[in-house]
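Common to both upcoming complexes is chain A, partnered first by chain B, then by chain C.
For the complex of A and B:
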């Protein structure tokens, strides 16, 4: 579930002339394509909705996510099913599921975006240096990347959390440390082809410094790759965070997180299915939205598709 | 040798460029892309280098601007050796020798405007950002482009315009030598003529020396003062443009000239080239041209001819020519 369609992405980018963003009509073309693609449009709308919910969670949530309501449990102590007051019912501690779900968006998005941002930063730096410098430096960096990549990603996170202790910060760091490898590999491949292009040679023969060449002539060409991998990375990170929380080593209790809610909900699956369904559906929709948005970005940023289109 | 060093900005002696190719199984072997190439280029002159693909023309160019490190030989600029430079000295050297690349669609960064592309070169020269604008417009004027081009991006320009921008970028650092590696090969014939005339005008005004690499002999005839013909990493004929084009000696040169419809080959037997140029990783014994040469003698198969001055002024590496061309004359009569 955490594997990326890497081959597909590589195919889309290796042969590419990464000039798409500089096309003067790029944004108009993107807007038009989005209007004709309801699935992508819905995905972006859903992501925007999630962002709004995360930012204004205290205003939107009907209740305090940590408050245990005295009327939140039935007389036998079971969770209350969805009703007029608790729209999505309550959990085993008598807390409002909807409020917890809304505050859970914050955790998911925070972990997803920050971890992916961090992973992209590490991946782009390592991939660019490896690809540009080459030689022994490249070998050392890429063998290290392969080493990290060869660990099963979830097991790797579990092991790291076991050492560092569960906290939101550690979860972000651990996910970033596991995910950067994908970007490093793709970026290295791209840099290898970009640095052979004549405009890079031209800059070198002019006497432009290496740092400036990387900054001005190489990094801008990586932007489409970074955007696509970033979008897919957010989905992956959210899933890893949920998995870690499910295993009880994610964001620490009693903070609401979707993984933790699913974990708790599965114990009451037969008597209180809403505990499982609500966070489960939220998670599926979020991951789906990021993946579909990423797919659309792959298409729109792929010059081969663009040539057919125009 | 007799000319003072200052008159010879660029002097190349015994240049060698070998590439090591490693196979998955088996020994590493070296491909001799350029082998023992020597020439001089004076200020304000143009040296043309011609040859088929794989003859090592571009390797010469790339090693001169130090994109490839030469394996051996010496390169000196205004008398000072410029081999194995690093750091600041390499940067300073690079300014003196510039290159205009073959593919006008790849030699300008598609994400950088013309102003910024030329500005980058001006920054290298040490010009403050505030002075860029005026200088860019002057440079564009010199390559006969309107000032409005400065704000454009490469994908908004035609091939000829892009190549002019490349030339302007090279001129921005005031080089003594510009290497044109197939610089007009990708252009339409009408635009090609304009760009060639532009290059000539620039040479007339600034005294810059050109090393003009082309597979197109009619372009070279138009541009070059001296011509060197390369075959599998070596120069096989080297002389003034007049000597080489009006009185070609080496069978390979004659075949190349015969293959160009617009260049008259009157007075020379038309030679047809058959076969492919040999693999530079595994060149034939003796003269590398002998398998394709209609005039090859036994000596050609075993002994490599040296590049020697003939009765004309040009240098030729051919046993048959050096033996007084008796065989050529004899077979020429019978044909």
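For the complex of A and C:
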């Protein structure tokens, strides 16, 4: 029988184990690392720029993205190449490509962030419950996760959209419903290891309720994982949204979305390559920025190492 | 052996769940299947009689039981849109194209990803390493449909090295660009993964020992390094194959390949419910089956896994 002083147990109960984020100097260390990593810095700057563009799209865009300009088509009815007025040219309906590109940021970011947020919420709840409760509950939840995971993600989204009908809200819901599985699996694994740690045992010994243990002792340790997966998830969600819109079942017309712009530009590629190049480059840069930011966050937050425990 | 049986039972359970999900999916589709079969001009009586033939007037449970019964016999139902064709036969016709595409994609992943990762790991911060890292990031971030269109434009339209789209004879020729587009993302992913694992292995004591023993670098690479570095890659390639076989609808639709993905997509635009359910089901079963195969293969590659699981 080990005799632990009462106050030591109490300390374990009141103060949860410090997480990566609550370590002293974390923010200073992160800031310094960011300044020495120009690629990560550029990625975050680009994401910030995208956010600004998305919020102030109507102020930044030179024209209305839906307006069909009479001088937006050449005399044979073809798209106009980039010039002084239309900086990135016009599309087949005589609309300004730059303005559509700028409003497209809104769609991409909105869908990317909201879908990932929703997916993270579902994933964390299911993963935590499965990992913490264990037993039959865990088996049922994880087998269900396996089932959803066994549908190819894009085909799954396409089939769901076929049932629910294309709309921005449905695109978000469908992506969230397909993506939560990845986080649920990782979270479950982490919860399994966290709940065996001393501070959780101590809290349980002291009779702390399950909900409070999850909230105060387990969730804080999941935050690094959620941040990393969330950032990478935004990149994935943006790609899925673009793919759905490319297939014509994403964000409904005539709203500007990068995937839809690429799909439309397909037919005019020979005569008007800017129709494909502009949204394609925008899409690549955006996804690249979120991937690079996710890489940097993985390095700095190191969720895998944290899982092993110190 | 007991582990194998348990894993097999688990696979069957997941497939059963997947079939159930597919049934729920088909059941909640808002369109009236009888109306779709009968056609827009059909009288209400005709629609009702077709609904009776299809068993749509029976209870959910009875429909579910007969659905399960059909699936067990490999009967995926009859297409609404393609009159008189069964879903299974359509998938059977489309599958070879998808299979060739999938295998091609896997080959590209191996041919590009693994050597790039190994060279990058042996020469960190070299030109090859930097090029591979940059290429990997680009490959991971470029949307496949955009990449495919670019390849078509430059390599098929501008210089006409490759056919523009569709399929023809010899099939391999028509599959080079699509399978490259399919494999490039995975190649990017594997090159980074192989780089990390090879670097880890190179730092471990047994490699040091092999070097001290005077074992030639080439032998070390093939006998020791690759064996360790490729185990995780092989399992993930297996998962990729399952995923690809389910149909890669974007790439199939860009390149005009009449595979399973294309079939799924066209059935969605006509709201051909049995076809949608069938293709999604087949895709999911491929995934579940490949993950089973991979798990079993893993125990042969790495005996430690077997020991751990026996516990």
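In this text, the second predicted complex is superposed on the first by the 284 of 310 C-alpha atoms of A that agree within 3 Å, B and C clash if a C-alpha of one lies under 4 Å from a C-alpha of the other, contacts with A are read in each partner's own complex, and residues count from 1 in each chain.
To be clear about the criterion, a contact is a pair of C-beta atoms (placed from the backbone, for glycine too) under 8 Å apart; a residue touches a chain by one contact, two chains touch by 3 or more.
Just so you know, these numbers come straight off a predicted model, no measurement behind them.
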Contacts of A:243 with chain B and chain C, given as first, second, both or neither: second
First, second, both or neither for A:201, with chain B first and chain C second: first
Partner chain(s) touched by A:170 [first = chain B, second = chain C, both, neither]: neither
Partner, of chain C and chain B, that touches more residues belonging to chain A: C
Partner chain in contact with A:292 - chain B first, chain C second, else both or neither: second
Chain B versus chain C as contact partner of A:216, first or second or both or neither: first
Chain B versus chain C as contact partner of A:155, first or second or both or neither: second
Common interface residues of chain A - those touching chain B in one complex and chain C in the other: none
Residue ranges of chain A touching chain C (in the complex, touch as defined): 143-144, 146-152, 154-156, 158-159, 161-163, 235, 239, 242-243, 246-247, 249, 259, 262, 266, 269-270, 273, 276, 280, 283-284, 287-288, 291-292
Of all residues in chain B, those that touch chain A in their complex: 65-67, 90-92, 94-95, 97-99, 101-103, 106-112, 120-121, 124, 153, 155-156, 166, 169, 173
In the complex, chain A residues that touch chain B: 17, 19, 21-24, 197-199, 201-209, 212, 216-217, 220-221
Complex contacts: residues of chain C adjacent to chain A: 10, 13-14, 17-18, 21, 25, 28-30, 137-138, 140-146, 149-150, 153, 157, 243, 246-247, 249-250, 253, 261, 264-265, 268, 271, 276, 279-280, 283-284, 287-288, 291
